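Next up is a structure, given as structure tokens.
Every chain is named by a letter (A, B, C, D and E) in the order it is written, and numbering of its residues begins at 1.
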Amino acid sequence: MSAVLEVTDIKKNFGGISAVGGVSFDVREGEILGLIGPNGCGTTLFNCILGQLTPSGGEVKLDGKVVTGLRPAELNKLGVSRTFQLLQVFPKLSVRENLILAGQEHQGSMASRLVGRSDAGLTEAANQMIGFFKLDHLADEPAGGLSYGQQKLLDAAMAFMGGPRLVLLDEPAGGVNPSMLTDLKERLVAINREKNATFVVIEHNMEFVMSLCSRVMVMAEGKVLAMGRPDEVRKNPAVIEAYLGH
Amino acid sequence: MSNLFDLLVAGLATGAIYALVAVGFTLLWQTSQTINFAQGEFVMLPAFLMLAAMHAGAPFWLAIILGILLSMLLLGLAFKMLLVDPMLRHGVLPLAIATMALAIGLKEAVKQFFSAEASPFPSIVPTGDVSILGHAVSLQSIGVLVLAILAVFGLTALLNRTSLGHQMQAAAQNPTVARIIGVPVERMILLTFLINAFLVALASLLITPIYLAKFTSGEVLGQAAFIAAIVGGFNQVRGAIAGGLLIGVLDNLAAAYVSTQYRAAVPMIFLIAVILFRPQGLLGRAEERTV
Amino acid sequence: MSGFAKPLKIAFGLIVVAALIVVPMNFNRYGLFILSQWAVMAIAAMGLNLTLGYAGQVSLAQGAFVGIGAYAAAIMTTHGWPLPAAIVVAIGLSFAVGWVLGYPALRVQHHYLAFVTLAFSTLAFLVFRNESWLTGGIYGISNIPRPHIFGIATNKPLPFYYVCLGSLAIVSLAVWWLIRSPWGRAFMALRENPLRAQSLGVDTRRYTLMAFAIGSALGGVAGALYAPLTQYIDPVPFNLSLSLDLLMMVIVGGAGFFLGPFLGAMIAVLLPEWLRFTEGYYLMLYAIAVMGLLIWSPTGILGILDRYLAERRTKAASAQRAVAKSRLETAQ
Amino acid sequence: MSDPILSVHNLVGGYGKMTILNGTTFAVPQATITTIIGPNGAGKSTVFKAIFGLLKLREGKINFAGRDVTNLSQRALLNAGICYVPQGRNIFPELSVRHNIELGGVSAGKGIDLQSRIEAALDLFPALRRKSTQQASTLSGGEQKQLEIARSLLLEPKLVLIDEPSIGLSPLMVQQTFDILKSLRDRGVTILMIEQNARSALEISDIGIVLELGQTRMVDKAERILNNSRIGQLFLGGAMEDNAA
Amino acid sequence: QAIKLADVAELSGGGATVGTNWKNGIDLAIEEINAKGGVLGRKLEVTHADSQSNPGVARAQVQKALDAEPYVLLGPGYSGSVKVTAPLAAEAGIAQIMGGEAAELTQGGNKFLFRTSFGQQSSMPKVAKYIHDDMKAKSVAVVWVNNDFGRGGRDVVVKELDRLGSKVVADLSTEAGQADFAADVGKIKAANPDAVFVYLNEEESARILKELKRQGVTAPLMGETTLIGQKVIELAGDAANGARGHVGLTTDAPVDLIKAFRDKFAKKYNYVPDHNGLKGYLAVYMVKATTDKMGKVDSKAFADTLHGLTIKAADEPGILMDVTFSETGDIDRQSFLVEVVEGKQVVKQVLPKVK
């Protein structure tokens, strides 16, 4: 398996305090990589990889091309999408509009979107997504009025609208009902199999991570603590000590 | 050289005035996230209240007290209850627009009910100059500067060192949560506006002898104070001092060395530069957010 | 919206348009001037509504763009160019300047942006006033001709009113098209959550600049009509207070609502005129009216309507929920 | 278990014209941990808002410690001994971590030694102690949640309403938070919690409540809910446990 | 049936003080005239409209006023506003009596436009001449307010000084509403001129006078009405002492009728009017005198009658001083050279009518 994403020695300092201190790893094509670690361990790393923050050092390669410092929108155009840990929806737009928006920039050119269809041909796809996440009765509601878990689901749904190759999910399970979580997991696995999409999942819900991921990376204090198959990681004493507890 | 020194002194004197007006402006922002476009008019009005009291026969000292009390009633209590309360929840803009309308209303009211003419205003600081390093510096300017510095120190201490100050900030940054943990949000906001009203009344008392009492005198003052506040750092009360003095000096230097016709442009260009290269202002704190 | 509301809306719209065409025919010159002014200001406010209401970029410089458009038109038409050519130049010029002014918006937002644009507004005024070789300085430019459109002279107030109204119609259609296109949605994404928008591939840089440039260009169009409307311009009308007035129009009308600028401009242009009978008190009353309106509905006039519609929609959603609930109960 | 300290009766209310709570009724016995579970959008958080006076109820009564507290102000509720930790991000971003925590004690009475309580709270969360002078907005998501929990410990409430405390917390921190809740209960404080991390939450709870479409579906001993297979299927993600095992 | 006049003035915005004075002057005159039985037995009636000191609004308001077909149009006071509105009045064939002082206003051949005061083309040469001849200034600093009023005066005076051979060593523009004149005065000081010409609005004049005194500028100061008016003296205190000015029209003129006017005005409005108050007052009496002369109320013939007309104060006390109107609508009248001595205006010279 080739690497979709190669990260070399990424560093991030905030005014002298090191939040991420030289992290290297790669994400292989078609895998689901879990990323865990105690609070404040430095999963901010992903904001550096995705262009939300400028890394203080290091390099990021996507498909072998250097993409360090690219803006989030440019990365998204290259097929990388993400969700957020804190709620990030468009509060005054309806749920459906949120989803259409999430996909529209992947349809045609900027000029063609000016003259083309108002929904960029995405209503159908948005409705499917709405159906899957059981938000039908809220499709025309402003997204800001959704409950926490519903917004979290909408955020995840948006990440899939552009047909991405690589998706980074930041705590997708937080606040989501366990039965919905099972569906979400199945959905991820299905997309992973059918479209060969790659996922990186930051998550504190161990059941979710362990049953979903093929590899798990553990971070602590801005460094990689361990990396391996879920069962290996789970038994690693250092990980238990720093993160899992008993 | 001596000319330059004179310019600096003159600039600081004007700058102190801007600073004094700007203090209340940053205070409102920091403790209620309100932008008050009528701040200049807020400084203009108390002088007229005092003048009105004097016309009605009150001695100067009584007029001052009445003026301050009335200001706190009108510009503090009434302003907060009538305009701020209904609009605060709806973000900065509606309230900002409402204060623009308020500015028009205040100006017109003074013009209509008092006079369109400028009036002289007695000074509580003795007029006259003291000599500093051989240059004449007016006592009035020193009074203004001292008050501005006192206001800044006092407010900074209040906001950053006392629990009351923290509560005021909390009420501005996240009113819902503040309410949940028991901060009396309403009272904090009211307090903010009362302090501001008190400050503008004092400012009015000190500034009007220099600027003359006129219904339009808030326009220039308000705008200069905004710019001073932004340049100094909007989210820090002490930014007002730095910004005010800097803008005052810059304005004078521009008039002397650039061109009188483009004098007003220089602080503006400086403002743009500051915002672009140091958006939080010279003394401001960067607003940082995690993603 | 139900199937019934739409034709009703269209009919209402047609009546308003017809009224705007027919009723002013027997207005006096003053009435026509005020209505023309309303149309011109509505265009400028529509531009600002795009920048501010939809894309969420605060601008206190729209008045400066009206000035840029007005000077472009005044200079060109007094040198013998036809007005349409001047409008094209006005659009191009204000688009370009607006684009440049958009750059600060890439770095700062909200009140900071407001003050950058405020500074720009002051600078523009100084240039209008001080560069007399081009703008006539404080003396301004007089004898600005009104155009011949399709060979018809528009010197008289009524034909020129139709020029303004026609321009307003064209601009409205263009703006309506723009905001219902994916661009409009992208603009709203900038306003609602730029961070999320970026990570969804919305090129926030380009859309921000576009929002500024297009909004400013409409300011330019308004200016290019303002010059022949008053037939004399000097720097004073384009100072900061015009920008503030336009902002007021947008907010009072209802920022982010298509029809907001029409209502906002109506209030800003017509309300003072209606209040003039109170003589010295009219501006005070106007200020009180604006404050009262905002106290009543901080989201502007159309905010009231929107609240009403939203309530109707939630009613429908409640009903849906009730159905779901009864289904669940029967399942048990 | 003793008499209920909190009882809500037939709550009806919602947002705008939309009805979310359709007659929610339940009671919470004193000195217990009670956990509410239910699907997303069931109205769990809305119930909390209603109890804490943040939602205008159209019908219903809320009783606390033998007294009607329906629609009281937040301050009055705090004085009565109820404290509320909402869902989502609830910090004062531009104040320092320490000042954020301090503000938790605003409504505390005069005779309380706040400083020592702040120290005690910081001891529980070492990450916060390390960052106590930093602006709260620079904390990571999980640290912000810790901050909120720490802040809520400053008062000595009789009832804590806590909405999904586990979101964003690492497993270790979840454990620790639950331990804190347990020790509070052992000191006689009543805890009413909402959790989606339902298994772990029910494990430390005495009572479980299932809420659906704004109605109480089931109120029972926590372990009985845990072992109820239907509930397991519907709300606890029954399938997942099997996979992981 | 009443004779309808229409007034459009700067009642709000930057010119509010100007416009309010003008309006009050008009109201006072009309009240007087009506109390004495009106004009040709008919009462006068006026509508006031606010131009907001904005030419665009002025145009709209004048349009509105003209649509109502007034007998004569009064105002506006700002030259820019006059410029936009004059063509409308001319087109309607209605005489316009206005307060603008810019030189060019009456130079375009408009047959319906009349001044109430000297245009800058007539006042500024007198000023320049005085600076050159009487003050014997070889070098002059010119300070002006950068609006159409200030700029217009500055342009004429600089040209005239140049012609006479006095050198302009500092040419300083200032902003309306400016409060801080330290830098400007610093520049004046550095230029060390023989005289300073100050052409600002009243409040700014007061501020710069204080600053000139503070910085110890000793060169003699010369200005216009706006430098040595009673208001300025009130505001500037003893800093005004020694300032001189050419006064076309002042409430402080040593003329009994004017003193009486001033007292009446102050009694009615509680403040001392500036020259704009006088202008408004005179405008109405111009209407009265012209109409009396025609013997009928004829809007079309009004302008023709006023051209070339001389009105004597003896015949029409309301006109205060003898005055003659030229074919271009300009005014010719006595004027004064005044100096402030111990807080009082003292007339140094009386400059006779040109013709």
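One rule holds in what follows: a residue touches a chain if its C-beta (ideal position, glycine included) is under 8 Å from a C-beta of that chain, and two chains touch if they have at least 3 such contacts.
Keep in mind that this is a model prediction, so the values were computed, not measured.
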Point to revise | Shared interface partners, meaning chains that touch chain A and chain B | key: C, D
Review point. Along touching chains only, what is the step distance from chain C to chain E?
Key: 1
Check your understanding: Counting C-beta pairs in contact, does B-D beat A-C or the other way around?
Key -> A-C
Check your understanding: Using each chain's Cα centroid, which is most distant from the centroid of chain D?
Key -> E
Check your understanding: Roughly how many whole angstrom separate the Cα centroids of chain C and chain D?
Key -> 48
Review point. How many angstrom between the C-alpha centroids of chain C and chain B?
Key: 32
Study note, to complete from the structure: Note: chain E sits from chain B at a C-alpha centroid distance in Å of 36
Exercise for review: Please report how many Å separate the Cα centroid of chain A from that of chain E, as a whole number.
Suggested key: 73
Check your understanding: Residues of chain E touching 2+ other chains?
Key -> 12, 14, 146
**Study point:** Residues of chain D whose C-beta touches two or more other chains
**Key:** 15, 138-141
Practice item. Quick one: which residues in chain B touch 2 or more of the other chains? Key: 108, 111, 261, 264, 288, 290-291
Point to revise | chain A contact footprint on chain D (complex, rising order) | key: 15, 38-42, 45, 87-89, 127, 138-143, 145-146, 164, 166-176, 196-199, 233-241, 243-244
Exercise for review: Note which residues of chain C are touching chain D in the complex, please.
Suggested key: 310-311, 314-315, 317-318, 321-322, 324-325, 328
Practice item. Could you pull out which chain B residues touch chain D in their complex? Key: 163, 166-167, 169-170, 173-174, 176-184, 235, 285, 287-290
Practice item. Sort out for me which residues of chain D touch chain B in the complex. Key: 52, 54, 74-75, 78, 84, 86, 90-95, 99, 102-104, 106-107, 135, 137-141, 144, 151
Check your understanding: Residues of chain B touching chain C in their complex?
Key -> 29, 35, 37, 82-83, 86-87, 89-90, 92-95, 97-98, 100-102, 104-105, 108-109, 111-112, 223, 226-227, 230, 234, 261-262, 264-265, 268-269, 271-272, 275-276, 279, 291
